[in-house]
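Below are two complexes that have chain A in common, paired first with chain B and then with chain C.
Now for the complex of A and B:
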């Protein structure tokens, strides 16, 4: 167990800059998720932490000790790989004990450790099998077992669930969360799955193009995205982005929204101060699908609530909710409504917009206003 | 006849044609070998009196005995192919072992421990696969002379290792690039170093390519005539040269039975290697290391 500090880490391969100055302070016992689209540098950052790749500049320290130039084996880090990377020629027991043997631990200590880990992950009955004889989920467990065996300071998980089928992935996700609650070890976990990120993390670092776009708690990242990229990346279906004009109406800054030929003026939320100074300019309104719902009468009194009529274009039932596609300012907008309230395509439906949770972005830079 | 049956019969006749074709091909390839074997068991009298191609009237091992250790080859005091055979063993075994080992290490480095210019290095190494050996005979003879190992078995081993490494490296490198690099990373984090990863993880996974490599190298080195005849002296000549001399140095009548027996003796070890190692040829031992 240890804290992990990453300072100004940069990494380039020849002319390609992969990491462009990463700063992270990770507290002891935190579950950190690195999330981002492929090619954003998250796996490279992981490899740099593990020491499998050298950083070009910057420093990394574990428990306040600089380990930037320490060999991987001396960093006291364990890693679970996307492909599991089990040694195919060794059985499960050997796979788990390999690292312990290299560290020259006494035989009985190794045996105890293997038993402990096997019990923890419920793989006792698999110990004498070869990786080739295991299912995907079992291999995943063994890979975690190998990482757990040394009781290292930090665990690194590199997309550990991406090779599992959907159902198993959800199960293992819960297992990993339980495991972290029980062990309380610092974990850095890479994924491109934003649901995994939301469910597991204490804090999420959203990465793009070698930069950390935002580093905060899941709810913070979800409710208060730093820019349009983060807003669009987190959440499924993704946030709606609508180009709108800011206008002054009855002493209040409003946005102009044309739906089915009728222009509505919706109030900007109180906490979005800066957008109020942008009267006459075009901005991007960001509003999540769940903020545009069917009419819920007792919400009517909430500030920032507005009712609009819109023609339904497409409906996508998901079971719990139905996603309804409408058009606002000529742009497609997803709304999340109750399945029984949803109208058929071509029909007009009354929707309730909650502007209280709306956010605004600059048209050109995509930065939050 | 129903349509179902028609399809059945057309399947069967298709198969029959296929097998007939395969049978003819097999016969075509096996006939010379069969002829060699049959002739080697006939006595010279039989061959002289009767047909050149005929069944032996009685099984005679004389030709084999003569070819092995009685035939006078050139002006040597030791008779028969035996000394050549021993030379070939002394040359082939170390040459195969050393070139395979170096190839494995090269392939391991070129796949998992890339360095600046390693691709260029690999590219240059591949030239070794395409150089016609006739082109390097003279310069190589000079090298062997300077090293003081010309005309010796050590020199031959050295030669075969040098020109075998290009192929063995190619084999191992192409095999190892299919093994996920994460295995090496995992082992590194487990604390294993360069050699431990090689011996504990990579080499145990290499059985299929080791087999391919050994068969290839064994066949190449054992069957080589060019290097054998150029870089040896009478005390270090390999079996291919011995066979050539046996066939060419007989005075008077041509002893077909002895020639055939000698040729089979020269080919036997490569056949043996194929029979023993062939079944490991296509075994995929990496199954299960990654997903799947």
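Now for the complex of A and C:
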């Protein structure tokens, strides 16, 4: 268990800059998720923390000790790989105990440790099998067992669930979360799956192009995205982006929204102060699908609620909700409505827009206003 | 429901369309194409194996004859001093050839796998000997190892007058020169096999072992090399049957000599059958060689087929 500090880490291969100055302060026991599209540098950052790749500049320290140039084996970390990376010629017991044997621990200590880990992950009955005889989920457990065996300061997970089928992935996700709650060890976890990020993390670092775009708690990242990229990446279906004009109406800054030929003026939320100074300019309105719903009467009194009529273009039932596609300002907008309230394509439906949770981005830079 | 029934019974009643002649030919083509191969295999492989087996129980001398003599030829074969020398030589040769090829091939493959520059060029160079026939290899090494014109003469001409390397003409060592030439020819191929095996090892396994604290040496000895077991097995099978069949290399390099000191079973078989008019004994020696190959191949095939079923 330890804190992890990453200061100004840069990494480049020849002319290609993969990491462009990463700063992170991770507290003892935190579950940190690095998330981003492929090629954003998250796996490289993970390898740098593990010591499998040298950093070009900057420093990394674990428990306030600089380990930038320390060999991987002396960093006291453990890693779980996407391909599990089990040693194919050894049985499960050997796989778990290999690292302990290399560190020359006494035999009885090793045996106890293997038993402890096997019990923890419920793989006792698999101990004498070879990796080739295990299913994907079992291999995943063994890979985690190998990481747990040494009780290292920090665990690194490199997309550990992406090779599992959807159902197993959800199960293992819950188990990893339980494991973290029980052990309380610092975990850095790489994934490209934003749902995994939301469900597991204490804090999420959203990465793109070698930069950290935002580093904060899941709810913070979801409700208060730092820029258009983060807003679009987190959440499924993703946030709607609508180009709108800011206008002054009855002493309030409003946005102009044309739906089916009727222009609506919707008030900007109180907390979005800066957009009020942009009257007359075009901005991007960001609003999540769940903020545009069917009419729920007792929400009517909430500030920022507006009713609009829109023609349904496409409906996509998901069971729990139905996604309704409408057009606002000529742009496609997804709304999440109750399946029994959804109208058929071509019909007009009354929608309830919650402007209280709307966010605004700059048209050119995509930065939050 | 009744409608469905009617329609399905109608479908059953529709007669199958008659086969056109073109369809029938298309059906026969695979069989037609494969049959010559089948005939050749049956006649020239299994037929001749059977014929050789038959001849080994007859009193054939220069030409085949069919007076059955029971196990006589086998008894005379194993009382023949020269056959025993040839078998002993095969033992030395096969053992050294296989072991040195495996060790050298693995070593070269590991060294080539260190992400070095010009790896492609080096790999080709190591593989080139494989492109030569054993006759050429034998002839080239015969010149190089010849004390009067080869290595010995060269080193002596450099000034090291007492240098001696006369294995080729020394009856105690002549079989080892065959080993040297055969290793030179085949180790590159073994290297290619191992290199392919090493490339198949998942990179993250090595990373995992590094994090586990294993040194480079430990990673190779405890994880990578053990996981190459199938490659070892395939390489062993190929080398073993090359060794047992070895004929042209030894014939070109030493001709079985000096005397019979580097004789191998294949040379023995050829000379008795076709130059010494002892076809019966020759056929018996051929059968012994065949049985040796089968003894190695059958477990291999068994394990291969079993693995397939397992998948």
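The criterion applied here is as follows: the second predicted complex is superposed on the first by the 369 of 369 C-alpha atoms of A that agree within 3 Å, B and C clash if a C-alpha of one lies under 4 Å from a C-alpha of the other, contacts with A are read in each partner's own complex, and residues count from 1 in each chain.
The rule is simple: a contact is a pair of C-beta atoms (placed from the backbone, for glycine too) under 8 Å apart; a residue touches a chain by one contact, two chains touch by 3 or more.
The structure presented is a predicted model; accordingly, all values stated were derived computationally and were not measured.
Participant: Putting chain B and chain C on the same copy of chain A, do they fit or clash?
Facilitator: When both complexes are placed onto chain A, chain B and chain C end up clashing with one another.
Participant: If you stack the two complexes on chain A, which partner ends up touching A:320: first (chain B), second (chain C), both, or neither?
Facilitator: neither
Participant: So in the superposed three-chain picture, is A:134 touching just chain B, just chain C, both, or none of them (first/second/both/neither)?
Facilitator: After superposing on A, A:134 lies in contact with chain B but is clear of chain C.
Participant: If you count the residues of chain A that each partner touches, which comes out higher, chain B or chain C?
Facilitator: With both complexes superposed on chain A, more residues of chain A are touched by B.
Participant: In the superposed arrangement, which partner chain does A:73 touch: chain B (first), chain C (second), both, or neither?
Facilitator: A:73 sits against chain B and chain C alike.
Participant: For A:83, select first, second, both or neither according to whether it touches chain B, chain C, the two together, or no partner.
Facilitator: both
Participant: With both complexes superposed on chain A, which partner does A:163 reach: first (chain B), second (chain C), both or neither?
Facilitator: First partner only, chain B.
Participant: Share the list of chain A residues that count as touching for chain B in one structure and for chain C in the other.
Facilitator: Correct list for chain A: 47, 50, 52, 72-73, 77-79, 81-83, 85-89, 98-99, 102-103, 146.
Participant: Can you list the chain B residues touching chain A in their complex?
Facilitator: Where chain B meets chain A, its residues are 180, 182-183, 185-193, 196, 200-201, 204-205, 285-291.
Participant: Touching chain C in the complex: which residues of chain A?
Facilitator: 47, 50-52, 72-73, 77-79, 81-83, 85-90, 98-99, 102-103, 146
Participant: Quick one: which bits of chain C touch chain A in the complex? Just the residue numbers, please.
Facilitator: Against chain A, chain C makes touches at 202, 204-205, 207-214, 218, 222-223, 226-227, 229.
Participant: In the complex, go through chain A and note every residue touching chain B.
Facilitator: By the definition above, chain A touches chain B via 47, 50, 52, 72-73, 77-79, 81-89, 98-99, 102-103, 130-134, 136, 139, 146, 163.
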